[in-house]
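The structure's right below; bear with me while I get my questions together.
Order as written gives the chain letters A, B and C; numbering starts at 1 within each chain.
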Amino acid sequence: MTPPKILISSLSKRYGATSREVLALEAVDLSVSEGEFVTIVGPSGCGKSTLLYILGGFLKGTGTVAIDGRAVDRPGLDRGIVFQEYALFPWLTVKDNIGYGLQTQNIARSEREDIVHRYIELIGLRGFEQRFPRELSGGMKQRVALARTLACEPEILLLDEPFGALDAQTREIMQDELLRLWRKTRKTVLMVTHDVTEAVYLSTRCASCLNVLGALFANFRSTSIVQHRGKKSCFLRHSSERAMRSGSWFAHKS
Amino acid sequence: MTVSNRLRTALSFSGPFVIFAALWQAASAWLAPDPTMFPGLGAIAYALVRLSAGPELWSNLGISLARNYLGLALAIVAGVSLGSCMARYPIANGFFSPLVGATYSLPKTALIPLLLLWLGVGSTTDTTAVFLSCLLPIVVHSYHGAKDTPRVLLWSAAALGTPDRALLPRVMLPSSLPQIVTGTRIALGFSYVVTIAAEMIASKSGIGKLIFVYGGSGAYDYLFATILVIIVVAYLVDQAYVRLTATLLRWHHWE
Amino acid sequence: MKVIRYVVRVLLYFYPLVLLAIFWEFIARSGLVRPLFLPPLSALPETAEHLYREGALLAPLAISLYRAFAGLALALLIGSVVGIAMSRSRALRWFAEPLVAVAFPAPKLAFLPVFVLWFGLGHLTKILLVAFSCVFPIIIGFYNAANAVSPVLIWSAQSMGASELNILRRVLLPACVPALFATIRINLPVALIITFTAEMIVGGKGLGDDLTYAQRMFDTPTVYVYILVMLAIGLLVDNVILWTRRRVLGWYEENEPGDRV
């Protein structure tokens, strides 16, 4: 049996000196198979971002964190990350930002330019190659951030509340963009968000942290996406969404 | 901007100086029955013309500026390296931070007599004095600029394949450029004070020595003319610095 | 016991300075460098005590401090008024801005011979030179602080019938108190530097004058003692300002580039 793409077992994370410790995560278990789109939902401060950062290799916790069976201890090209704050390099143009990861891998300039060009077309920002991030809107910045990460073709995509800073309309557009890109590339995606609707809409599986200490509980399976009078809506069976919102839950496997 | 707009801005800018000059001339005529203590504009202008014609002003100015900018350049190289290393590597910070904190409050011109003892009179002393004085503000600004690098930038760079040792030059340095530029501008202003101080205390050449000599020998119109030159040069260099660095920082989002 | 632990912790933090001190002592005693250039560190306290007993330590220090503080106070007085007035008056702004912009980057020390010409070799020259050097950054500091006050606040005050004086007192001045500390903190070192430097160049008593004299007499230990005294004063004054700022503006959380690195 192949190991799951991502396996987290008994992960704990403590911050701070021993006298004033903060427990961010306690004995968290999570496994993600290849090609899944899993979201982690919860209120702020519940540790979901911490989980993502440990998986990304930026923080260290105690417990097992394994990708394809190998332990994770540092950041790497196999795990791309997109932050809420976009984290574009402000001194680089759009073109250079997207090509950054390609440059660190010493890919030849001509090939690099091709790839960058392709992604600029993909995110629909033709004509903005020479702009600096400060000249872009929030949605455009996030698209560049996504393109920059995807250009390196990571196996896993980690998203930390990527649309949290955007207005409602841009957010919906970006959600569809993300789905479109995911369906094209079929990467394994782990996304953190506090927006339950977004989580249910985007993911194949939803994990929720309900407890302030961030222990992850059951996983929900979202059902079909229903077209309703031209507007896309989602429904979960057995009022799981409402259950998630109110904090009580039950596991549902279908 | 249109030509007429530029003209208007230039006139508006020089207006106060015209008024100031008029006040000066009035003061000169009224305050001092002995004109040498407060030379009128005519005398200063005449002295200026005579100075510009000869080599004395320009060669001394050139020597001073050369010492000044050499010291500053060395301070930039050393200061940026040190400051950013301190931000990146806690060991470096642990070692240098107390030293920086201890010497921060020292008036660096006080080191000039010490430098005179060690290095004697000459360009080395002056350049070293400028170097030591400019080092600290640049170190402090580089440190803070590097330390304030958003961690999501560092993390993104790491996730995009940047090796650990490249994080400082590839991410922290560009990110701290605005702070470095500010620190250098402060150091620039301060460097002139140190150069002039060193030259006035003990030097065989330089613009500081020149004004000291003029003052001492009673050539007050030459004195004022030279000071005027210094003011103009300092202002023009500062303006040039701002414009040049604006291009360097054209990507920066000013809050 | 706790005191010892505290002392040890302080020593550990300042270990580079301790290392430096040990290194200094070693080099000086080893004969590698002539004592003319580097006297042993341990000789300095003796020199300091000698100077103190001769009245050559506190008296010149007091003179220099008096000049520096007087000059700074004068600069604050003029600078705060001009800076705040500039934010309220367009005419004044038109007149002052170019003058301040051109004067700011210029090395005001170049005016020393002029000030000596006009005011002699004593206190007045140094005080005025200090004031002249510090006034421009202070004007800019207060101008920016007054400008940063939200126009909405001023308009509200105006619509409630507040006079210009009232607006000044109740809206602008309180907003400028943080700027007051910031400008004092930045400009006090400048004041000290200009005072010491002017004294070094033209004499007329004060620590700078005595420092140059000691150097000319090749009295190196005295030179070092004076430098360390200047350093100590700088540190002391800075910490006093910080302490005062914490008491007055306990809520104020600004980290300036000059803060402890």
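Criterion: contacts are C-beta pairs under 8 Å (C-beta built on N, C-alpha and C of every residue); 3 or more make two chains touch, one makes a residue touch a chain.
From a predicted model like this one, the values you see are computed outputs, not experimental measurements.
Counting steps between touching chains, the shortest path from subunit A to subunit C takes 2.
Of all the chains shown, the one with its CA centroid nearest the global CA centroid is B. Ranking every chain by how far its Cα centroid lies from the centroid of subunit B, the top place goes to A.
Looking at which two chains touch through the most C-beta pairs, you get B-C.
Chain geometry summary: the mean Cα position of subunit A and that of subunit C are 52 Å apart.
One inter-chain figure worth recording: subunit B and subunit C are separated by 18 Å, centre to centre, where each centre is the mean of the chain's CA atoms.
Distance between chain centres (mean CA atoms), subunit A to subunit B: 48 Å. Residue positions of subunit A touching 2 or more other chains: none. Contact with two or more other chains is made by no residue of subunit B. Across the complex, subunit B is touched by residues 13-17, 20, 36-37, 94-99, 101-114, 116-118, 189, 192-194, 196-197, 200-201, 208, 211-212, 214-215, 218, 220, 223-224, 226-227, 230-231, 233-235, 237-238, 257-258, 260-261 of subunit C. Put simply, subunit B touches subunit A in their complex at residues 150, 152-153, 155-163, 166, 171, 174-175, 177, 250-253.
On subunit A, the positions that touch subunit B within their shared complex are 53, 56-58, 74-77, 79-81, 83, 85, 87, 89-92, 100-101, 104-105, 132-134, 148-149, 152. The touching residues of subunit B, when paired with subunit C in their complex, are 12-17, 19-20, 37, 86, 93-114, 116-118, 137, 139-141, 143-144, 179, 183, 188-189, 192-193, 195-197, 200-201, 208, 211-212, 214-216, 220, 223-224, 227, 230-231, 234-235, 237-238.
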